[in-house]
């Protein structure tokens, strides 16, 4: 019961699919897969201008403890993103440049951490991207067990090991592994459609016109008036 | 009762006055007009180093819905700033690069949004400045009516359509339209005065001396001591 | 009782020690001195890439009032960091480019402010580093007494005048004056040790191995499994 | 410009209408008038089980200052509710049992305060109801001017002097003065309708049936399944 | 992909086990099952002195929409607790006395709601217990699809349909359905042990003595001193 | 350096003075001693209608650890209040009915805890009063050292062992031990004066009159007008 496990092998989505999802951007992927999977506005990047995708290796950790992050390194594969959730809220910065060095050495593409990180200047310099809830230096001990590669949840979203993590300046989105290919198709279709919309908007056309919103507005009881009395 | 309206025509402050207010900076304008009109510390820019002013076109929107933003585009004039308030708090990112494209095509100078925005990397690249409460990608539907160019309030400040919006790295300040010229005069007088103060301070003179604070401090019961026992 | 004082002279740590602490970085100093003294995740820098240390001149101020900051300038010495605490929470931005000009003229290295600052674009351009709780422009009056160089507390940490303030992208750490030399030794020892660890991690070695965590994990009841059933 | 005023006379809604609105409850009034006017989830009662309505006398005050609350007392009439907004956020408890005594002596029915209150045990004992953002004892000075009976805004809602304030355990709702009678009619119609609905629901009938939601759900793509595979 | 479902049948834990868990209290159950499953400090009761347990019927809802709560009523069985999670944060109060009437008519024991509730005075009078994130009256529409009886997550905890929900004045704890019996045994063993401890502590015995902490403290470097110098 | 200590003996204020301070109420004591010492609006009581004062026994604890609370019990004397601060923010509820039983057995009057408490229903029934930041059940371990009876700080206020803690429905105020008698005198003088003010206000007299605020308002530029144009 409640056993703590480190799961060595997980299924991952097709690498090419993951990589193409990484080029798209979180907002489009999120829309395309039905507006689910966003980890929330409080999980922010420590860097600007980075856009990645990777397969989730998940960690469920005690707050203020990083032993399970250490334990997770050897089950990571090149192209993975480490996702760390906690059993209670915490501002501890139990992840810094040393752990990033270790993860980079194993090909990990980035970190999503529902607590704090430190050494942020170094992490930016090293080019190891991080999305976290806090920047903080209160360190971590290595004394309480947890799990690696079990389902976790952050910001109301359930993340299964092997799910695809997309992250950029807007935040983090999770694509369920089995939906990755479908989500990619949806996203690419959406992007194609948006290109046409963008061209019209650049030309000064109005969304109320080509989306047909004007009738809808009037039907909903919105009145056009010249001036407010 | 409670009718939803889209008001096509609004009064705006003189363009030259607006432009000069835009060069001054929010802190000085705010001080100059009597320390009112600041939308609060939670409305932050997504970019750094941008300073603008423009005439407010206001939107009162349902949270998680952007139909009224679409409706607002055609009443915007070059030099305007779109200001979007909501009937309930929301983290939704119902504004992204497409709406920005549309607003730029109509000469809008920026967005003040009391919810979330997305596509922030694109917005920065496009040079469309935004001040918002959140960065988030949870998108918006187009199904609930609202109003365009009615009085709204954000952060305890009432914003009338046509008021002047000043925004920079410190946040957003609203100058009532009828006060714009007066506020500009006050601001310029203040800046002129500050230049003299700055020169003195750079030379090492003390504010306690030239503001005459030393006597005031003693009168208020503050004691100068050499060491704390 | 409850007298307000401005203390002119304080003990400071050795300048060379302070300067060397400034090169180390807050996370390492914090770890080295036993994981105490971090002012918390809400005190953030307005700039990126700056790392300083200095001796604390402390101010205890009424919220929304900056008379005591003015009063503090003349007791500052080159190499100091001004630390401003308040008797109640506040978002007021009672510190801007003028006060920064004055402090720079007296050799002050930076500001730690438990409220708001304004003129942030100017402060970045001037190169005057600030760590604060808010960015805001609601200004300050000069009408309520407070104290300079008394013990204050921010984020649950007590700061005595003359304590060493270390600050960088990760936040702010306080080193008690009498511990400065010891903290420096501990920090340097820690850095030396970390260099070795980093080399191993870069080579792909695993922390679970060289920290000996594998046995500890199993002893704590963590099970290694190949797949999750 | 930005002149501070104390407005002695304001229009009020019909007393009988106000009193009947006070019996209805905020949730129903809010729904009935089109889901606008709620001051937000952070403005909470210090007592339980009290339901009031009254005409708004508004105060716009400097944070941590209560001189304008004192100034407002004499313009209050029996049946009014005092509504205090601030030019900046504050936790100050500038309202306690003495001001409540004064307001009660003038027939004021309660306080809506966008900052802190103190003496809460006394206020509950006196039977003076309060809705506030904080409970706190940091007192107030009497030194900065403000206004009485000007439009103010709290929680994104604009409140005009004379508007009807409804408040109960769920929070505070504002009914525009000119809409009071209409809002009352809508509310009473709604209550009548809800009584029928309640009887059906008590009898075990399903909302999905009598609201006709089942078809709508299926049309929106929701699938009924016996078990989740 | 991302299909919305209403699952009619779920497995539940043994009723007697659920009822006995309901008598124990959340803190003890949480400890007993290994300190997992607490939904966090922000999910608070609207009433005082109520302690319940029940089987989770889960709802995943769009914010500000309660159509799926209506849809969930008919799949509830006597003894259930309705658990509502949202795809984005919300303060909307989409649950009030009508829905409570409906749930009570179907034997539901209470509500756990990760947004707002209204009609709290009525709910307390009706004796329908609620744990929620907010009290608020901003109502809900019935226009966006969601799911009933799918896994959801609140406060970082994953809740499967049929899991046991324990809730009291301290908050809400989830016991995985398959662990219910084991968790009950652990809880009862814990309570028995605590009774002995309580007797000792009442008699004035010290935890440092009978837990053997004194040696541990000294070993960890804690020094006993008579006075602080 | 940074040694952890348990200090057995501390100076306390005169018992009669402490008891009389306990009868006065936090708001009056706070005002009387110059508006300092309030621990902030986030430290709230779990019970209603309790007013206490006692001598502070202080604990500085690791978050999520309660070994130092256990260690503190034996240094408490009848009439003390236990004050627990943490080295990092935490929602952990490491204090419940067992520790309360132990403290009651040693005559401790209450707890001030800058984290979470649990078993709140039991604590209310036992009559052991608590002021805390959170209510939560995430328990505590006993593995990290801390200190007893060292200076700590909560909410920006420094608390020395032996200081007088006053707490009631409005929150918690600290009176420095050496100022206790003076603070009592000030408080009693204030209460006497307030009694006269209260009588006048009950009789309908206006504060603007007997405080002489009317002239001050006009002098500050406030204008009395009959109606707002």
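For reference, chains read A, B, C, D, E and F in written order, and residue numbers begin at 1 within each chain.
Following the convention adopted for this analysis, contacts are C-beta pairs under 8 Å (C-beta built on N, C-alpha and C of every residue); 3 or more make two chains touch, one makes a residue touch a chain.
Not measured: the values here are computed from a predicted model.
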Which chains are in contact with both subunit B and subunit E? A, D
If you fit subunit D onto subunit E using the CA atoms, what's the rotation angle, as a multiple of 5 degrees? 120
Distance between subunit A and subunit C based on Cα centroids, please, to the nearest Å. 30
The distance between the C-alpha centres of subunit C and subunit F, rounded to whole Å, is 28
Pull out every residue in subunit D that's touching 2 or more other chains. 35, 38, 40, 87-89, 91, 138, 144
By the touch definition up top, name every chain pair that qualifies. A-B, A-C, A-E, A-F, B-C, B-D, B-E, C-D, C-F, D-E, D-F, E-F
For subunit D, which residues count as touching subunit E in their complex? 25-27, 30-31, 35, 38, 40-41, 44, 48-49, 51, 168-171, 173, 194, 197-198, 201-204, 206-208, 211, 213, 216-217, 220-228
Provide the residue numbers of subunit C that touch subunit D in the complex, in ascending order. 63-64, 87-92, 138, 141, 143-144
With touch defined as at the start, can you tell me which subunit E residues reach subunit D in the complex? 3-10, 67, 70-71, 73-74, 91, 93, 96-99, 101-102, 105-106, 116, 118-121, 134-139, 142, 144-147, 149-150, 161
State the interface residues of subunit F toward subunit C in the complex, per the touch definition above. 1-2, 33-36, 38, 40, 85-89, 114, 151-154, 156-158, 179, 182-183
